[in-house]
Every structure is written in structure tokens, then in C-alpha cells.
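One chain, subunit A, links the two complexes that follow: it is found with subunit B in the first and with subunit C in the second.
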Partner chain A sequence: MEKKEDQQLQQEEEQVVNPWEVSAKDGGKIDYDKLIDKFGCQRLDQSFVDRVQRLTSRPPHVFLRRGVFFAHRDLNEILDAYERGDKFYLYTGRGPSSEALHLGHLIPFMFTKYLQDAFKVPLVIQLTDDEKCMWKNLSVEESQRLARENAKDIIACGFDISKTFIFSDFDYVGGAFYKNMVKVAKCVTYNKVVGIFGFTGEDHIGKVSFPPVQAVPSFPSSFPHLFSSKDDLRCLIPCAIDQDPYFRMTRDVAPRIGYHKPALIESLFFPALQGETGKMSASDPNSAIYVTDSAKDIKFKVNKHAFTGGQESIEKHRQYGANLEVVDIPIKYLNFFLEDDAELEHIKKEYGAGRMLTGEVKKRLIEVLTELVERHRRARAAVTDEMVDAFMAVRPLPNMFD
Partner chain B sequence: MGSSKDQLLVRLKELQIDFSQYEHPVVLTVEAQAKYVGNKGGALSKNLFLKDKKHRYYIVSALADTKVDLKVLSQRLGLGKGGLRMAPEQALGEILQVPLGCVTPFAVVNESARHVSLLLDQGIKTQERCFFHPLSNDISISLDAHGLDKFLKSTGRDPSYVDLEANPPVGKDQPPDLAAFIPSGSTVLPDLPDEAPASQDSTGNHVSAGTKSAAVIAVKPSGNVQNVKEKPVNGARPSIPSADAGKFVEELLDKTSTLLLSEISEDSIKQHGGQLGTEVVNNIQKCLREDLKNLATIFKNTAYTEGFYAGIHYQPKRL
Partner chain C sequence: MEKKEDQQLQQEEEQVVNPWEVSAKDGGKIDYDKLIDKFGCQRLDQSFVDRVQRLTSRPPHVFLRRGVFFAHRDLNEILDAYERGDKFYLYTGRGPSSEALHLGHLIPFMFTKYLQDAFKVPLVIQLTDDEKCMWKNLSVEESQRLARENAKDIIACGFDISKTFIFSDFDYVGGAFYKNMVKVAKCVTYNKVVGIFGFTGEDHIGKVSFPPVQAVPSFPSSFPHLFSSKDDLRCLIPCAIDQDPYFRMTRDVAPRIGYHKPALIESLFFPALQGETGKMSASDPNSAIYVTDSAKDIKFKVNKHAFTGGQESIEKHRQYGANLEVVDIPIKYLNFFLEDDAELEHIKKEYGAGRMLTGEVKKRLIEVLTELVERHRRARAAVTDEMVDAFMAVRPLPNMFD
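And now, the complex of A and B:
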């Protein structure tokens, strides 16, 4: 998709980060500091992590401790309100473009589950089947089918059915939700949306009118069956940082239509196995670990395709240690998924010093990933079509704050 | 005998389903029916009664101009290319309890049709109203999909609509998309001359006290009684795993025991001595907490789903 913003950025040889494309400058690393600057969100520092720990009386999630969720907007307001006794609700989502989910897709859901448990708040999950129908040119039926299939993997992440509402756009858009969409749409000019998302005259009108669909789940009045008496309820959106443009637009519009601005908590991209030049792609099976991969597949993929900072020979490695400046994927992945802080530090130290070999690090990673995927698969096997129907039913959630 | 058309019409009225009825001479085909009700503001339906090689039956209810290709349908159900045929005339009377030319989704109200799978054309949902025979072919009624759904739900079925004209590929990586419509229960077969003695016998599980039709039918198990247990009868729906408290507790105990055993070894006894208990408890809590919570959440979600399913199939008291 040629975008004005893109062309401009490419001329400046900058990185590209938007909901449909993520790539680093010159095949290097993504510069997250520049991204925070450019987008205008805040860094999530240690004081926040400590505060979350205090408020929830439990150890902060590994993603918080390791800086995977590293940026935010207005998180302090959410926490202030929470301390005063004002709850909030969570909103996250998935664009069901493929049946195959990889670990990168699970990250926001794993974190959102933690937030739901820690803060004891309800959650709405949006499946943007309409978006994928439009952008990926899928048939309506296929995108709806993928939405339901993806819903099963999402449910397998362990969400509490008595506090979670999953909906697909094709099913749910209408009524109060649509009224909010129109309210939002009225506040965003065509020029503005072109500026934010880079649409051109060749893009069809479906794309141009889509952004409000992703914006309005931030407003409690979009869900009258859940939040009818709570118009004042705040919303926190855990997402990957490439979704920021949607919510910048939403935050701009919110006060103009009398709603709270949604708060955001944003994550890094999960790097592809081959290295951190962008994010994992569902179209290249070797760039990612899929939730359907067998233990053998995981072993093969990590051993064969993971990009490492290890030296070319064992002797050199023992002498110089691993090059941790370059993105060493096993270490990077362990950073995401190895719970034990002490063990991770130990591995980094030994590997950096050359005392631990790449093979050993990879072996540990394979163990961790295999356990993760196994646990997910078992949970997924317990998810039936009836359970999906129940999660997606428009029903009250009387215990959503318990 | 199964429900008569009058009983059915009374039931529709009790359920407050909006329908219009038209009487006419007996018709055996859609063309003939069209002569009498073709201009009465409802779409005509064609209804097929089909059977597969394993003696399972299906009603396919579609708009008259929807193309239904039995070969494609057979593949989509996972029956291979030639797995579906028109059911024999006798089955019409015995299972659906309707006369020739009268196949209709309403036939599922009969107990004998309990295990017949119903495939509804999604085209029906696009029409304001659609015509069906209410168990007799001298009368046609028209109603909308919503009304049809209400009726089907009252019989304990979950209506689902299918794009009958679709022809998705079926292969190793593309499972048959309509596989869920295969009845998992089996019909109790009469001793038909062209059939082998019944090898599937559901007498064990599904003959409810009031089932007159099952009592009437003589079943020949042919001595292979052991096979009977192989097919648990769950009704025409896909089975819903139940939240089994016993199994759940076993899983919890399993996990805890495994961890306990790995924690207590000669070395660890030497290392911690009397403090081993505290040490092990700490480790168990640390390692197992998340795991056990996840298992509990799955259990909770399953139980909730069971309740939800029961709730949406709840039949309100007849007034």
C-alpha cells in the first residue's frame, strides 16, 4: 500500500510502523525511543511496575518486569482512579487474517489475561473480521469463520468467561455500537484519516470508514448489555504499539463527544526468528513459532532458523563471548518467556562471557517454548464451539468486577 | 403415530410463531405447489430426505432455486464423493412419518426423527417468508426464518444455516466443513428387506419411555452386542464436554503429586532436613499456582458453557 506518509518516510529512510506494516530502517533494529517520540506516548518506567505490584498485591507480569510492555498513555490516570475505587475495563482485539496463530499474536492476550486477573476487571475482545475481509480480500464467510477459529485460541489463553465478552464486528456492529461509530466518524475529517492512516484515492471506501469500528469499543456505551449504568467507566487498551494510530484518533475524538479518553499500554514487537528487522509474519512459517507446532517443529525451527549472536566457532565463542549487541533471538525470546529473572540473568552473563554456548541457550529456549505451546494446546482442546458461542453471546456479566 | 398437522399448527400457535396457512389439493412436487401458493408472498422450498451409507439420515431444506449438489454435499459432510443418496420411500414414513412429497423441516418434531440431521439453506434467512408443508401435503404454511428457528429450538435443536451452494475444497488440510452435521446418534432401523440386520443399536441409551415408534420397531442386533457400546448416543448435536469435578480434581492431584515427588529426593532431604516441608510447600505454591489457576479457569468456563447451553434451550412452560 503506497502511503503518502510512507513515501515521505522512505525518503528519510525512517522506520515504518503502522497497523499494516512494520519495518525497521535499513534492515536494522526498530528504534523504540524514536517511536515513542514520534507517536507521543510515554515510557513505562520502573515506578509504574512497582505501583502495579502494590495495587494488585501480586508480582508484576514477566512482560512488565522485562519491559515488553514499555509505553503507555494515561496509565497513571487509570491507576489513580483504581486506587480511589473506580474500576476500569479492558479492551483488546485481533484481526483474524489467518487460522495459524503464532506466539507473537498471543502476547497481548497473555498480558491482558494477567491484567484481568490482577485488577479483577471485565474485558471486551474485538475480532475485526470486517477489517480482514476488506484488507485481505477474504470472503465474508471466510473472515467470520477465521474469527471463530481465532476466538478458540484466544479463549485458550485462559480468560474468565464470567468477565469476558468476545464479539466479531460482523455480528455485533449495530445499535448503540453503531451510534458511537457515527459520533466518532463525524469528528474525523477525510483529510485527517488520510493523514493518520495514509489512505489514497485508490483505496475503497470500506477502508476509509473502518477506523471508527476499532475506536468505539473504547467507550462503555458501546456495550449497553454490559455497562448500561456506567457511562463513566474508563477503558485500558493493551496492544502492540503499531495500533497506536487508531487510538490517537480515538483519544482526539473522545472529549469532543463527552467520553473519557481510553488509556493505552503498549508492547514491543515480537521479533521473527530470523532477527529483529520487523515483526513475525503469518505468511512465512519459518519466521515464527506457531501454537500448532509440535515439539519437533519447535526444536527444528529454533535450531535451524533462530538468529544468534554466537561466534562462528566454539573457540572464538569461549574467547569473546556472544555478541549481545546484535539481536540474539534466543536471548530475546527468553526475555519474553522465561519467568525466572535470576535464571535469565545467569544465562545472559554466562553466554555473554562465552562460558555458555549458543546450543545450550537454544536448548533452554526450546524447553520453555515447548512447555508454553503444550499448555496452550491442552487449553485449546478444551474449547468447544459451544464455549465460543457462550463467550460471544450478548449477555449480562453480573460478576464482572468480582 | 407422530404428530399430525393439526397438532403441529396448534404448537406453532402456542409458541406464538407467526405463520400463514393455505389449503390446497394434495401436491407432490414444488411445481405443483407453486400453482397454488406461488404468488402468495413466500419463497418456495424444496426438501430432500437423504441417507448415507451408515444409515444416517438428513433433511436438506433449501429455497427452490438453490442448487443442491449431492456429490458436493457428501464431500462437505466428510462422506466421500458418493456418500449421499435419496432415502428410500419407506424411511419417509417410518422415520419422518410424513407421506411422499411431504419432506419438511417440521418433521423433526417426531421422536422417530430425533437423530435426523437438519441442514437449512442460508437462503431461507434472506427471504421474508418461506413455504413448507406442515406434515401434510394438502396444506402449505409460510413463516420467516425467525419463526422456524423458534420452532426448532422448542424441539431441542439448534438451528444452523449453511451456504448449500458453496463448494469449498476438502482435503488433508481442509477438513469437511459440514462434518458437524453428521448425526452422532443412530436411528433405530426397522427390519427392511434390503438392509443388513441393524449393526447399530441405540436401544441402550436413547429409548425414552414415551417413544412409541421405537417400541413398534423390531431390532435385530445379530448377536454383535459388544458393538453396541462403541457408539455412544449423544443426539444430533455435537457433544458438549461436561465439567467433570472428579476429573478436575484428579488432574490437580496429579500435578501436585508429580511436583511433590520431584521435590523430595535424598539430596533435598539432606539439604533441608526438617525444613524440607516448608521448602517444598514454597516451591509448590510458586510453580503450581498459575498452572492450577489455569486448570480451574478451564473448568469454570466449561461449567458456565454447559449452563449457557441449557439456558438457551430452555423450554418455557406451556401456558
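And now, the complex of A and C:
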């Protein structure tokens, strides 16, 4: 009975953030400070940004210096270890539920590519085709097809094949990976996963079985072809904060089965074109810019659907300026993707003061997004099936720390 | 709430039979007729025994003609298919929780060996080391060690290596097998497994995840190195009736994911030396004859611990005869292992009439068991590690239907 009340309480909370649902109360904004408190992670403050810059001798990624990756768990331990000369590895992933990725999907991969380059570390990328087969009721074959299609988009982000192993759960689960799944599962009660993930008795047991699958890439022994049993590596997971529940569970279990807790670096959600009420929806194509959108699509979507803080008439806009207190999507998106800090500041200032019109900001955003999407499209077109096979081959990575 | 009441009701029932607990009410006898009704399987009557004899052109195994294998599901369909010239395969298994097997453990394997020889069919044997790791809290390594030790006892039962694949879950789960696990898991709700297996919220999710692992060897596509996707084979599972819950679940799911329901042939429990209150207990060495027991151990255990229906004095015994209405363990055990029907009938008649004394029956039982155990010990001593590797090699079995 107590559990039931807990769940009810959870539903009555202001915002719901878990791997399957992100929603603020009454369509408002996600309160990330509250989320940090609730989840128990730490805010990633400027001292971390400075330290990463110092340790890697390169400018921090725009997502880092603009607070897109805004929260963490034990990132200090990763940086301490790195400073001592110890190695770590990166782990991220994707649930392949749709053929075309949108810009929000690219964010963790763009950032992970930066981390791999900056720290010169190996990376494992999990494609949870089993999860999507179970949650979205796709066939095994369709989930695997989507996993390979998504792998092409991921590879197009520029990962270094000598340091990167991409795997599909359907292909890879087994052996040491499965043994770790069992070790994790033994440490987590059903009541615990109900508390973390909100499962109900009418959910199928595939859902209940899945959390250990996403947990175990956090442990190097799950990849015997990559890491030797002597490698006492730590793991750093870049992800959107909705994945935190999986890794809270993983961190809880890790020391009980003799492993390091994985560290996390967590991002905000990329807002929908209609405004910042949560993640974008794959079911509404007008809510997001897809990597398959044409220049014309992008222009149409931004002009037609992007929610702004601009005033209703040019006169009012000139007088009052854009309201940047509410979510202004063109500014939000430029904050993610316009790399030039000076230009971004300039636009914000001019737009906020009414000297720059919404149409002008949108025009600049359309340029930035079109260039990004075109660049991605060209990179993806160059990814062959042979390259996918090569990234997904179960193999050692002898030069992964070079 | 309803579910909770269901569980409570289950606990208040007269007898509990599930894969982890077999107990009659108040230490009485298991009521197998009630079990058949409750589980919804069929009694295996004489017409089946006759039909098996006719189809295989050999005398039915003693376990078949004496009703040790007493219940079934869809055995008629297997026999119909066999009569038409269609193929089937056998699937049985063992949870490797202890080093030394007792006689009760050997029964399904002795019977499966007969079925393999009689029908000339392939056989898969699952060693659920993952299950025992989770339920008995053994380490992965210890579970795998026990699996290999138990494999030696199983091989010693005389299986044909050209028709037999033995696998450990920890080694084998993955690929097509894992895909089938996910397909099964998608079709079974948590409430359903609670109803079947009696899990509670405090049970770990490893337990909740396990039923699909035991389900999927029922489907030939789980073994791509053995069966091609064109092979539309049926599966027959010989097992003790406590395993029925797994396969009720499997049979419920099978047609929904495009597979045949597995057929079952199910045995009674082999009674403990102290009497027929359930299965033997691995924790009480005096409750069972182990395959590692010496002739002296066997003599001691039978003479000291075997519960009998003999009278308290020789005079009374001569006058009234043994009470064979209560469980008489020497007669029960001879019923399993004394192959000569005429001799068994003679002993029952003489013992029941008081002309044969308990000590004489025990003496004959000691001879029979000592011979059985000695024969097993010799066969097991001849099983090398190389033979275990060969039986467990993931390989095709090109002559499995010859």
C-alpha cells in the first residue's frame, strides 16, 4: 500500500522526468534546479568548465561553456583520475525507435565526440534495440534495422573508429555482458525498480528485465575484447538527464558487485520548436528539425512553428524588444548551435532591445541549422554499410588510449 | 489488492508445488490427481504407454510403464507428428545448485536417454547456472563450476554426443536465444508471473527476468547452429511436474510469437528416504541416496532412515504383513529401479503377506541401489573434461535424426 501511495505522490508532482516521459506541470518549463535536487546529482559549475579546459588544453565545447551539459555525478573523480594519468572510458547510447534523428538526438553524440577527442579515450555506444522492441512493440528485425540506420547517423558525428565500439543489444548481449546483467539484477528488487521507473503490475516483464541491460556497459568487464580484467577503468556517461534513473540504480549497485560507480555528465533537454515543455516528440514532425529535413523544410518549420518572445507587431517590437524571459526558441537553438560567442551575445542584445526583428533572428537560425543539417547529411551519405560493420565488429581496440 | 488476496489464498492451499517448493499439507502425501487438475495437464494413461511401445518397437521404459512419468501436455500431438514422419526434439535441464546429484536428479535424465534412443531424436540440455546464481546466491564462477560438474553426471547417463547439445546459460545466452527471450518477456506481465510463480515485490528483478530463459529452449530457433529456420520442429520436455509452471507460461506465449507450444511429459517426485512428503532435500544428506554414496553409505541410509510399512515386531509382521497402503520407501524405490516386473510383483506380494521381512526387502533394495550407483560412478569417472567440452561445443549436429 505504501508503494502505491508513493507512486500516486510521484504522479501528483509538478514535473515527470524519466526515460519515457518528460513533462512539466501544466505545460510549463522544466525546473532543472528542482530536478537536480530530486535526482541528487550536482550542478556542473564554472570551475569544472575551467578545469576541463586546463586538463585538455583546448577550448571547452559550446555545450559545456553554455551549460547545455549542466549536471554531473562524480565528474571530479574522473578528472582527478585523469590528472593522475589514470585512464577512463566513455559510454553513451541510443534507443533506436525512429529512422530519422532530430537535432535533440545528436546533442549527446556531438558532445561525446568532443570528449573523445579532448581526453583521447575509448567509447562504447549502446543501441538498445531490445528496449525499443519491447517499449515500442517493434519486431526484432525492425528494431535491428533501425539500430543500423541510427548507427550511420552516429558514425556521421565523426567518431574515431580506432577508439569506438558500437553495439546492438540483440547482437551483443551474452557472455561477460550477460553475467554482469545477472549480477546487477540480483541486487535490485522489484519494489526498487517500481520506485525508480514507475512500472506497474500490468507492465510486461521485459520492461522489468531491461534496466540491468542499460546498466552494465558502465563496467569495463562487460567488454572483454576491449578491456582486460586488470584494467580498473572508470566510466563517464554523457547523456540527457532523463537517463539519470538508470544510472542512479547502476551507481547504487556498482560497489556491491565490486565495480566503480560510473560518473555522469548530463544535459538539458533540447526544446521542441513550440517551446520548452520537455523533449521533442517523434510523433509530431513539426515539433523538431530532423537531420533529414531539407533547407526548405527547415525554413518552413522555423518560420511557421518556432515559438518566440518577439512582440506582436513591428512597432511594439521596436519599442519593447523581444521578451527573452519566456522561451524564445530561435535564441535557445542559437545558444546550442551558434558557436561564435560574440555573435550570439550581439544577437541577444539587439533582439532583446528591439533593434533586431524576430524574422532576422529566425533567418540567422535557419542559416545555422541548414549548415548543420547539410554537413550531417554529407557525412552520413559517406557512411557505408562496411563502415557500420567495422564500428560494430566485436574486436580489440589496441590504440584506444593513443 | 486483489492480487494480494490471490497470493494469500495460494498459500492457504493444501499443497504447494512450484519450481522452488514442493510441500504437502501437514507433511502428508502430494495429491497428484489434484495437481493435475490444478495445473490443467492430462494423466498419461495406458493407451499412451501402448502407443509409445508400438511406435518405437521397444518395451516402454520402467518409468513409463510404472507411472513415474504420469502426466503430460499434448504428448498425443508429438506422437501424431512422429507417426506422420515429422521430427521433434527433446529439451530438459538442470539447475546446478549442488555438486553431488541424488537419485531423484537422475530420473529425468535416465528417462530422457530412453526417449532419445527410442525416438532417435536430438536433445538440448539447459544448465541454468544463471538461475542458481540468482536463487542460491552463488557466485557466477561457482555456478559455472557446478554446471560443469553436473554435466559430467548427465553425460554419464549415456547420451549420444551426435544428438545432444548441453549448454550453460551463462555461456550460451545471446543472439537468437536472447531475441526469443525478449519476444517471450514482451508477452508476460509482472502480474502474470506473480500469479504463476508467487514472486513478491521484495524479490529481485533477476528472478522476474528468469522465466523467459527457461522458456526459450522450447523453440528451435533458439538454437540456430542445430536447427534451420525451415525446421518447424515440435519440442517435447521430460521433467518433474514442479517445472510445469514455466511451461504453462511458455505454452501460453508460444502461439502469440509464432511458435508451437512445447509438449510435456511429467514425472512424480522421487520421495525422500523418510517418506513421501515431497522432493528430497539437498540440505539433509540422510534424506537421499547420492550418486557419490559408497556401498556402505547406501546400506546405512536404507537400513537406518528408510521409512517402511513393516510391523514393529517380527511376530506382528508375520501375522499382518507390511502395510503397503502407507508409503513404504523400499517398495517405492524398487518400483523406480528394480526393472524385473515379475520380481517386483513377487516382493510386493510376499512382503504384504508378511512372508518377507522388512530387512529382506531392504537388503534387495541395497543391492539394486548399490549396483545403480556403482554403474553411474564408473560411467562418470570415464567422463573427461574434453568430453564435457565436446558436448557443450556450439556446433551443428548433422546426424541428429539418424
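To be clear about the criterion, the second predicted complex is superposed on the first by the 387 of 402 C-alpha atoms of A that agree within 3 Å, B and C clash if a C-alpha of one lies under 4 Å from a C-alpha of the other, contacts with A are read in each partner's own complex, and residues count from 1 in each chain.
Methods note: a contact is a pair of C-beta atoms (placed from the backbone, for glycine too) under 8 Å apart; a residue touches a chain by one contact, two chains touch by 3 or more.
Keep in mind that what you see is a predicted model, and the values were worked out from it rather than measured.
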Subunit B versus subunit C as contact partner of A:179, first or second or both or neither: second
First (subunit B), second (subunit C), both or neither touched by A:257: neither
Touched partner set for A:55, first subunit B, second subunit C, both or neither: neither
Which of subunit B and subunit C A:379 touches, first, second, both or neither: first
Which superposed partner A:162 touches (first subunit B, second subunit C, both, neither): first
First (subunit B), second (subunit C), both or neither touched by A:314: neither
Subunit B versus subunit C as contact partner of A:389, first or second or both or neither: first
Larger contact residue set on subunit A - subunit B or subunit C: C
Partner subunit A, residues of subunit C touching it in the complex: 3, 130, 133-134, 137, 140, 169-175, 178-179, 182-183, 185-194, 199-206, 208-209, 211-212
Partner subunit A, residues of subunit B touching it in the complex: 163, 166, 180, 238, 240-241, 291, 293-294, 297-298, 300-302, 304-305, 308-309, 312
Touching residues (chain side subunit A, partner subunit B) in the complex: 117, 141, 155, 158-162, 375, 379, 382, 384-387, 389-390, 393, 395
